[in-house]
Amino acid sequence: MVAFLSLREAVAELIHDGDTVAMEGFTHLIPFAAGHEVIRQGKRDLTLVRMTPDLIYDQMIGMGCARKLVFSWGGNPGVGSLHRLRDAVERGWPVPLALEEHSHAAMANAYAAGASGLPCAIFRGYQGTDLTQVNPNIRFIECPFTGERLAAVPAIRPDVAVIHAQRADRQGNVLIEGIVGVQKEAVLAARRSLVTVEEIVDDLRVPSPNAVVLPHWTITAIAEVPGGAWPSYAHGYYTRDNAFYTAWDGIARDRDTFLAWMREHVLDAPHRPAVARPVGA
Amino acid sequence: MEYSATEMMTVAAARALKDDDVCFVGIGLPSAACNLARLTHAPNLTLIYESGTIGARPDVLPLSIGDGELCATALTTVSVPEMFRYWLQGGRISVGFLGGAQVDRFGNINSTVIGPYDRPKVRLPGAGGATEIATQCEQIFIIMRHSPRAFVPRVDFITSLGHGTGGDDRRRHGVGTLGPTLVVTDLCVMRPDPETKELTVVSLHEGVTREQVIEQTGWPVRFAAELERTPPPTATELDALRELQARTARAHARPEARDGGR
Amino acid sequence: MVAFLSLREAVAELIHDGDTVAMEGFTHLIPFAAGHEVIRQGKRDLTLVRMTPDLIYDQMIGMGCARKLVFSWGGNPGVGSLHRLRDAVERGWPVPLALEEHSHAAMANAYAAGASGLPCAIFRGYQGTDLTQVNPNIRFIECPFTGERLAAVPAIRPDVAVIHAQRADRQGNVLIEGIVGVQKEAVLAARRSLVTVEEIVDDLRVPSPNAVVLPHWTITAIAEVPGGAWPSYAHGYYTRDNAFYTAWDGIARDRDTFLAWMREHVLDAPHRPAVARPVGA
Amino acid sequence: MEYSATEMMTVAAARALKDDDVCFVGIGLPSAACNLARLTHAPNLTLIYESGTIGARPDVLPLSIGDGELCATALTTVSVPEMFRYWLQGGRISVGFLGGAQVDRFGNINSTVIGPYDRPKVRLPGAGGATEIATQCEQIFIIMRHSPRAFVPRVDFITSLGHGTGGDDRRRHGVGTLGPTLVVTDLCVMRPDPETKELTVVSLHEGVTREQVIEQTGWPVRFAAELERTPPPTATELDALRELQARTARAHARPEARDGGR
């Protein structure tokens, strides 16, 4: 039965030190507020899984929550590097970060395999790339009909999936609309799931019979967190704060500036999503 | 009309796209070139971003691969697993448009690390969609700024297979697509030699000398026997590009209003 | 470039004797009018692929169009047997019919593999069933990570896919809504595709950014055939003619009654979809 | 209140479903039982049909697995590949509800052929979803009319694995789910013996004798030591079932009006 909890309660109950956590949202609907709560609660030794680590994992890595990152593209989209991710990888600050590195195709297939209850995914990929030299979780099988060599990766089965969505109804059914990324797959692949939503409503207002809807019995907990995807966006609610993404480059480049920003906007600001604040730096 | 080297590069890249192409678009320079093509000679060009947006017609350039503008203007938006399974791996894309930190003489691209993987000098963002874009689109166009650090004899890390070690090495990896057929830089246009697959300069942009290209290329670069001059940007092309860039700058600088719905 | 053709032209140009043809639509949006045109044009030696052969393949098989059927459930849903299918299998009338028989899970995965450009699909299935004894296209592989034995089937890659959809716009983009079955996969898996639609419109009226839409460049030909799914149905246009499905049992049970019905309602009624007619028998 | 054996069977099957079950529903008798449960003691029961409809709440019983009524009343409708990959194989279904032409003493089901596969006496519809429903749902309920032709010592063809040859044979096939835990017929309720997995009569419906069951079962059927009597249908159950059947008969007999849109 889905539980309607506060964000603080939900993160405390669902996410434990050492867990494998997938916080998904492909550019859109990134669960930033939930990431900030993970930081405030001082979670440690997480294995973070995410196709595009983005600012949310830059912040969590910079605050020392993670010991391993499974990913396929780790940048600030259209801006440049994730400086906290690089600092952790290149200089072990604040703690060393192990990497398991894939391509998007591999991660997307691995999530789909996780949602499908399969142990692995097969796809045509990874030919001629050096990624096969540095990631032992990339293997190959032969098609039993054609003999073609196909890539295989293990399914992603996180302990917890965390996503942000537009809205839930009072039964706990959730609607996701727009760029839907791998969120449905992440929730279905995970043992537990937390969905933060812009609003909880009487009528889910599903636009079509084929809309992306997660039934309540696939979700562990829902927390209403308006603005919970800022500085990413929620289609139909608010747009992406591209200016903040650009500003983050300056904030995150330096350890002290970063820590000051995190203190002011996350650590000392419990429970209030950062959305209402002016762009920092 | 005056123009910058970046403008020349973007225009030259845009021209390579045909009206009926279906193009898998990387963010940054590729996105600018693809949208310029759509706004000039190729109005029916289909743009696909890996975020799942098919047939996007953005009015401003997206900062990320998944800005709301892409979804709002797209014909349809599919999940990311579907994008990589049905659309890219499904063989539906005619042109993949890539950039990178390094490209080598055989068109292999590195966007993973400079230096050794375990102790990187620079940790780059990584593959994203590029590894499979490089092998699954019918052909690959590359757009990158020319410099000896970017155009290297051999990339530190092959993120995206080009022509491997040259010749038919790509085939030996079991890859049947054409791979990189075009590289556009701020100095010139390169294409792989039909036999050796070594990237060869086929056209110099206006005002660029052979010496400049040699200087900015990390290997002893070859030039085609019949070396062409890239036609400079037309006023139409420049106007369209500049208006696009101006709209984009205005849109991204603005702290955007939340449009409610509640 | 998608071609807007009459149904007669489209079937003549796209479907050839000996082709492998997948006419899909899972209970909903079954392309009956296209099937009738195939019968009228006297196509022969087709390999028919379809998860649920339904009345459409019962009619085509009964009229001698097919030499092989690839399927996973061959009945008249909720009514009983497909008598023409049984007659072909059990007594070779009007021509013998070879069967390649799967489960739904296998067919659905095989279509998805076809759409994905893969040579095969893997899934967890077929354990302990005798289907593995009668279908050499069911094989097994080992997961390279866990060693688990997984079923594998070849991808479905038809020469032609035929589907019916609600509408197309004048560029040839197609909207499918409601029970969407495996139609998108069938079209993307096929070398050529024919989509019949209820109507061709200026505005596709897409209900959501995540609606099921086939871009025009994935389709070979579109034919406007209002009522083209009757006696199945088109969500938003007309409902399923369950009474006709029930009546079909009596029509198809006997060879002569069947032939008489086909003559009157299909062979001698070119180009007019049967939708407007009263229920036969 | 008088009632038929089919009504008793449907009611007994409906009672086995719990309010929080997620049920994969076969067409025909399973669909009637599942919807009766939803209309009586299990209003929150989630019904999933293999056509892709999740959380369907039909007002009338569908004739096919994909009637418009299912989609129109569902929470959401997914593609058929997604249904079999994410929902069934994904392990999300608590109860799979199956019928068939033959069931054997170990709960294996045949819906493929009577007689040899290559020269069938009767060609049945085939597996449909049943093969993987049988192995991937947490447990399986079977509902079938009792007859010696249907309840056979060994099915002619295993379409859907039950307990195989009995004991832990199911495990030997690499299947970790429970398999058939309940068989409801028009005469009785059967459950597999905990050890041997042979289907054993645990409850006789009102007015049914042991002899009748023995006569209608194709193997020497065993009875539980503490044989129960199935409580007869209540007035509430019968009313709900009869109203559902009456609504359904009216709906399916009607040549339905096309609702236009053109």
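For clarity, chains are labelled A, B, C and D in written order, and residue numbers in each chain start from 1.
Operating definition for what follows: a contact is a pair of C-beta atoms (placed from the backbone, for glycine too) under 8 Å apart; a residue touches a chain by one contact, two chains touch by 3 or more.
The model shown is predicted, which means the values in this text are computed figures rather than measured ones.
Shared contacts of subunit B and subunit C, meaning chains that touch the two of them, come down to A. When the interfaces C-D and A-D are ranked by how many C-beta pairs touch across them, C-D comes first.
Chain geometry summary: the mean Cα position of subunit C and that of subunit D are 27 Å apart. Per-chain CA centroids place subunit A at a distance of 39 Å from subunit C. Subunit B and subunit D, compared by their mean Cα positions, are separated by 56 Å. Within subunit A, residues 112, 116-118, 123-124, 148, 178, 180, 184-185, 209-212, 235 each touch two or more of the remaining chains.
Listed for subunit D are residues 71-72, 77-78, 85, 89, 136, each touching two or more other chains.
Checking each pair of chains for touch leaves A-B, A-C, A-D, B-C, C-D. By the touch criterion given at the top, residues 20, 22, 46, 54-55, 71-72, 74-78, 85-86, 89-92, 136 of subunit D touch subunit A in their complex. In the complex of the two chains, the subunit D residues touching subunit C come out as 27-28, 50-53, 62-68, 70-72, 77-81, 83-85, 88-89, 112, 117-118, 120, 122-132, 135-136, 157-161, 164, 169-170, 173-175, 251-262. If you check the complex, the residues on subunit C that touch subunit A are 116-120, 122-124, 137, 139-141, 143-146, 148, 150, 152, 154, 177-178, 180, 207-212, 235. Subunit A meets subunit B in the complex at residues 26-28, 51-52, 71-75, 77-79, 81-82, 85-86, 89-90, 101-105, 108-109, 111-112, 123-131, 133-134, 148-149, 178-182, 184-185, 198-199, 212, 226-227, 233, 235-246, 275, 278-279.
Within the complex formed with subunit B, the residues of subunit C that make contact are 1, 112, 115-118, 173, 184-185, 188, 206, 209-213, 215, 217-218.
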